[in-house]
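After this come two complexes, each holding chain A, first together with chain B and then together with chain C.
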Partner chain A sequence: MLRASVIERLAIATASTALALLIGVTIVAAAGYDPVQFITSMLQGALGGQSAVARTLRFSTLFILTGVAVAVAFRAGVFNIGVQGQFVVGGFMTIMSIVWTAPLLPEGAVGGVGLILIGFVAGAGSGGLYGALPGALKAYADANVIITTIMLNFIATGVVGWLVQNPFRGEGNAAPNTERIPEYVSFPSILFDSSGFSIVGLAIALAVVAVIYVVMERSRFGYDMVTSGHQESAATYSGVDAKRTVVSTMTLSGMVAGIAGAVFAIMIQGYYTDPSGIGTYGFDAIAVSLLAANNPLGIIPAGLLFGGLESAGSHIGIYTDVPVQLIDGVIGLVILFVAVPELFRMAAVRTGLGGEKR
Partner chain B sequence: MSDDAAGDNRVRNAALVGILVVAVLAATALDLPIVDIVTIGFVERSLQAATPIALTAIGGLYAEKSGVFNIGVEGFMIFGAATAATTMWIISGGSPGQGDVWLAILASVLVSLAFAVVFAVLLIRYEADQIVAGLALWFIGLGFGPFMAVLVWDSRNSPSLEGINDLTVPVLADVPVLGPIFFDTSPLVLFTAVLAVVAWKFLNDTRYGYWIQAAGENPEALDTAGIDVTRVRYAAVIFSGVMAGLGGAVLLAHAGSFTGTGETMVSGRGWIGIVAYLFGNYNPIGAAVAALVFGGLDMLQIQLQTVGIEVPNRLVNLFPYAGVILVLTVWGSTRTPSAVGETYESEE
Partner chain C sequence: MEGITKRFGDVVANDDVDFSVEKGSIHALLGENGSGKTTLMSVLYGLYEKNAGTVSIDGEPREFESPRDAMDAGVGMIHQHFQLVETMTVLQNIVLGREPTEMGLVDTSTARSDIEEICSRYDFHVDQYLDTKVQDLDLGARQRVEIVKSLYRGADILILDEPTAVLTPQEIEDLLDLMEELADAGHSLVFITHKLGEALDAADEVTVLRDGRAIGTVDAAGTTEAELARMMVGREVQFDRPPRDPPEGDFVLNAEGLHVRGSRGLERVTDVDLGVREGEILGIAGVQGNGQTELVEALTGLRDVDSGTVRLNGEDITEANRRHRIDAGIAYIPEDRTTEGLVQDYTLVRNALLGNQTVEPFADGGMIDWSVVNDHAEAIIREYDVQPPDEGAKAKSLSGGNQQKFIVGREIEHDPDVMIASHPTRGVDIGSIEFIHDRLLELRDAGMGILVVSSKLDEIQKLADRIAVMYEGEFMDTVDPETTTEEELGLLMAGHDAGSGHGGGAGDDAPDGGSGRE
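What follows is the complex of A and B.
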């Protein structure tokens, strides 16, 4: 896939998504639901009206951030499947740091901005540390990153779930939730008057994309990261410490995941709850990143697409009988097809649409 | 075996002994009642918990030995469990009996076989990225597994179904210790124990077993000897998919109901299966023993409760995952077969 041109990648991404959606619709029809109605409500859920668009953009913001977190690692050849865990740890620490420091700062806008900054630092820092751990285990004990990060996802969900239920449960809360952060710690509503989405969140996501793009494509550090991922011997020969690079890659990836967690915590929830019920942004992000061929700029359209899918999913979950789990399955199919570019190359050759014969 | 590998093994064994000694010392120092924790009931429960992991591990080991990393076993397990649950419900009209349990396991194996063929074609014929495709299979399982449950029960979880009955072998069941552990328990435990030995024998002492190993270590040589490398790899990958599907079905048969919330009832057992065979150094018996370690960690919660040690369930449930990280850290650098992950194309 590395050698594929941009157009080929775009074609593969489009074909994968289309094929996965087609299979999804076929399954809907086979299960006895009306496929036309299904497609209409998908479109309505993603784009029908201001609140649907706000919801789509809310999910897109999270997918863009978590997608970039995945892309940083995958681009460097490190399979960080642990973005979900880093997202959870980052979000939880964001809430707790704000709850703990709120009494020390003045109330109102100034205090709000200060607390948001503190929250972001805590989120990025803790997410980065939680990513650095499997990175160090890989670098110095050769422990498979895929498996350690998956295990750390389970551990993050379990430990944070226990913490919000017991020691950090807000006083008098019936539900297993932490204390709420103060009202004035929130993003302003500009353009969209929707709870749970602010254009500021999206702007933060786009700014992170820009920063990561510059780091990956234009800096010495990014260059070392990518080369040590794909040509380890060449990188070592030119004096790059491969072990340290793995650790810093995972730290950077975890930091971005932590920022995603902070945006989720501040923009959407305002408190932290049992992470087993908050959605699997960190997993779906893998699909987002792969669809974008792990290119930071490609994450933006891929994140918008997945935001639309997720938003459509929550719409059909409410207004139709079709089980919303279908969307998760379709996302899996997208990843599967992206993994098999050869399938499309052969299909293209056979149908005369292009592709080189070997 | 090279000196290097022998040295690795010595380090591993020393580390294992070291961990055991530390565990015993810690238990003595904290005055833990070891005798009350490691009961026959605990071993029996641990073996039942280990069975699905061991089946998955043995299959995955064959695939990797043949040169293909089947990282999709977690997904196969989810499909196996979901298929077994829905089949059991549908064929029995909602009130399953023992016969339905066995039919459900069989159905699950057949469905896994079909999926495994498709997956093997994508991996081998269409040269899919093994890691990404394997992850994809997990996500597909996480979506469509609960989807099946919702179609049948309108809920991600099934109502109570039928679990498998214990098989009591006359006479043998009365043997102290071994009797209750192997001959008065789920028949699937004994089946898995036998299968682990057979799989080990097959891999090391039959011609086909050698072919599988050669396909992963030195495909060119196998090709030169006139054996179709691709065909051997197909067989191994399909076998691993079927074994993981069976593992999922067995997990369901032991649990007696399907859970589709969160990461489903499989909850990482496929990933643990992969670690089990790494820990077992690609030996089917070693993999089964490693699975037992994880099964034991999974069942520790009940034992701690019975001896009155209060640790929150939510945290004790994380022991197997922490165990996996520990194992990978201490035994991380296993020697994988040299051609794993590389597609092989014959010169002809």
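What follows is the complex of A and C.
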């Protein structure tokens, strides 16, 4: 991507965020709440103090990881709407693999690191498989990826929900939760002393961004993938197997979603619960990725922005009397303003109804 | 229509075209794909705004800003892809946009009687299934629905864009009968086609378009398929055929008994045998759409074959995929540089890697060395005179000729054993044409086996050592360009067997051209 268009994109994102907030605040004022207090609370919630920053970074970590998962697929022209499902399956398998293998490893730091590694392998592997499934359905049965991935989201939520309630409910748990993973299986608290956030989680997210960036820009696989996304006929001409590329793209995307699930499970939860109540990171990630024009490096600022908004929203919900629905509405406006135009542009280019001329 | 000019950006799709249709006649508009037929008719139908020229109907100049204006003036167009709502009934489709209403509601009974009235005048059989959903009809019936729809809207002039492309032979016959009936009843019909036979059968007059220009209008009764074929493919640039020795090298590329299906599932290549020797250019001539595309795709690994074998240096590669064939030494200059040969949004550097993803030193162990690719792009640009010489420019910013030179350079630099070039100079300026021809002849002299597909006779005659003529999926004959005249080639391209049987075999010596039947 050209440097000029990066600056342009940042300017557009900033301007549309500001405009969306302005309209949002107007609505807040019209509804009879104090707009100045609303703005201050937002800033307070996103950046005011160490715990607010930790909360922002916690959300950002997840948005960056899930955002990259979406970006990988979108760049290859595969509309993976199933990141949420892959995220859930990955997270659940992370917890279960740690719970199952914990008795086999020594307790303490060594065992902890080992179990974290096992958890990540299980998370990435299961997320990857869960992504490969709709990829294979697309490649070999011509099933629409958008539809199959959306349906697989429901299946993931439903099945994992049932599993945590029935066969895998932890002993003596009243709530539908799995057993907890051992205390020593956690990321160390460096810089931030906050439950639910460790700088290690963010570092993992940034490392994944770096790896994906190198894969997309420097590897043959990435070139094949991105070329397929740009112009499938040219990719086929150059010897790319379109079917295999769809499957491997979806696998890679699902693996990243699975890693996001693993970070969520280990860093935030420590156990797994009914996935219908864990948040919609996999869906919000679509907006994150679109805002970043599906560029892995762009995902970092986009993820930080969304993390800040999410964090501000949860703060306002607790400390002001502005109704939660109104806050969600304002965040929705921001998404609408910054991400949706990009979505339409992509759809227009893809369907040939407008946008850039081929 | 007089002096019609239509440009898309820098591309001139129609260049000062005159075209007129007499009332109550059928006029065929003949030309290859991309010659500007559909564009010209879209101007008449108000879909495109012309850059210059006048459209007159019944002697009165008209300006159409939209198809609705054209319809109001009595012009109807039946598109190649039907414009019907499949989940709605025939009746609903016919009245769509022109519903007779009573108190704001669609008056179905008036609509029904109006349609039945139209149908009773001609042999349509559409009134039998007014309440059937369009999705349940076969393609021939859908087409009749389209025609009735145009008539319902009061069309006097009917434009049919490649109406026979999707039909079975029986349906084509019915359609041609129907067209005659409509013409007898005083309608004027424009029949867009690239099939010579149909144009002669159906039309009273034929206008041939080539490269956006009207080449001429002839009486269908006073012309032959061979003449039309020659008008279609033309010979604007006279190329001198350089002297050469007959090639005697080993065969590098062979195909035996190839049968290939097209995208619609119909057989497009029927029992084709061919062989390309080292140091030889085999030319495949023919009017476009006679199976050349499918044949080339089967040879390059882009399309599966139904039966038959493809061999490279004697090795059976019928089952080998595209990647394997690239690695084995088949280079390919594709028919469509904009969708296949180049990624339009990529820079020339990124495009230089296209097809080279597995080739060292560009990629080693799955990682790409962009600095080597960058040097490679610069080298291609320098040696193949690509303008502007900027490897960071996006492919879409280059002119057609320069895009093509870049592709030719990239494919030659593969150092292949076989080069397959499909319409290597289509839409390319004359300077670049000469340049590309010279490169291909150099490669031939260096011992490469080359297959050139072209519908330009002059190009084929200049380049080829042997010419195979393709018609309706079969090789009509393989002839020697030294002893064959354009007339003879024209006849073969129009499907007239020159007398020596078809199937220019791999080992056949070029037979004489022979003489046609007419």
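The rule is simple: the second predicted complex is superposed on the first by the 320 of 358 C-alpha atoms of A that agree within 3 Å, B and C clash if a C-alpha of one lies under 4 Å from a C-alpha of the other, contacts with A are read in each partner's own complex, and residues count from 1 in each chain.
FYI, a residue touches a chain if its C-beta (ideal position, glycine included) is under 8 Å from a C-beta of that chain, and two chains touch if they have at least 3 such contacts.
This is a predicted model, so every value here is computed, not measured.
Peer 1: Touch test for A:P323: chain B only (first), chain C only (second), both, or neither?
Peer 2: first
Peer 1: Of the two partner chains, chain B (first) and chain C (second), which one does A:A31 touch, if any: first, second, both, or neither?
Peer 2: The first partner, chain B, only.
Peer 1: For A:S238, using the defined touch cut-off, is the partner it touches chain B, chain C, both, or neither? Pick first, second, both or neither.
Peer 2: Once the two structures are laid over each other on A, A:S238 reaches chain C alone.
Peer 1: Classify the contacts of A:S219 with the two partner chains as first (chain B alone), second (chain C alone), both, or neither.
Peer 2: second
Peer 1: Of the two partners chain B and chain C, which one touches more residues belonging to chain A?
Peer 2: So, of the two partners, B touches more residues of chain A.
Peer 1: Quick one: is A:A287 in contact with chain B, with chain C, with both, or with neither? Answer first, second, both or neither.
Peer 2: In the superposition, A:A287 contacts chain B only.
Peer 1: For A:T227, is the partner it touches chain B (first), chain C (second), both, or none of the two (neither)?
Peer 2: second
Peer 1: Which holds for A:G196: it touches chain B only (first), chain C only (second), both, or neither?
Peer 2: The answer is neither, since A:G196 touches no partner chain.
Peer 1: Regarding the shared-chain residue A:T148, is it in contact with chain B (first), chain C (second), both, or neither?
Peer 2: First partner only.
Peer 1: Could you please specify the touching residues of chain B with respect to chain A in the complex?
Peer 2: It is residues 71, 122, 126-129, 131-133, 135-144, 146-147, 150-151, 156, 260-263, 267-268, 271, 274-275, 278, 312, 314-315, 317-318, 321-322, 324-325, 328-330, 332-333 of chain B that touch chain A.
Peer 1: Considering the complex alone, what residue numbers of chain C touch chain A?
Peer 2: Interface residues on chain C, with respect to chain A: 302, 321-323, 325-326, 332, 334, 336, 338-346, 350, 353-358, 363, 366-368, 370, 396.
Peer 1: What residues on chain A touch chain B, complex-wise?
Peer 2: Contacts found on chain A: 1, 31, 79, 81, 137, 141-144, 146-148, 150-152, 154-155, 158-159, 161-162, 165-166, 276, 283, 286-287, 290, 323, 325-333, 335-336, 338-340, 342-343, 346.
Peer 1: Over in the complex, which chain A residues touch chain C? Could you list them?
Peer 2: 218-221, 223-224, 227, 230-231, 233-234, 236-241, 356-358
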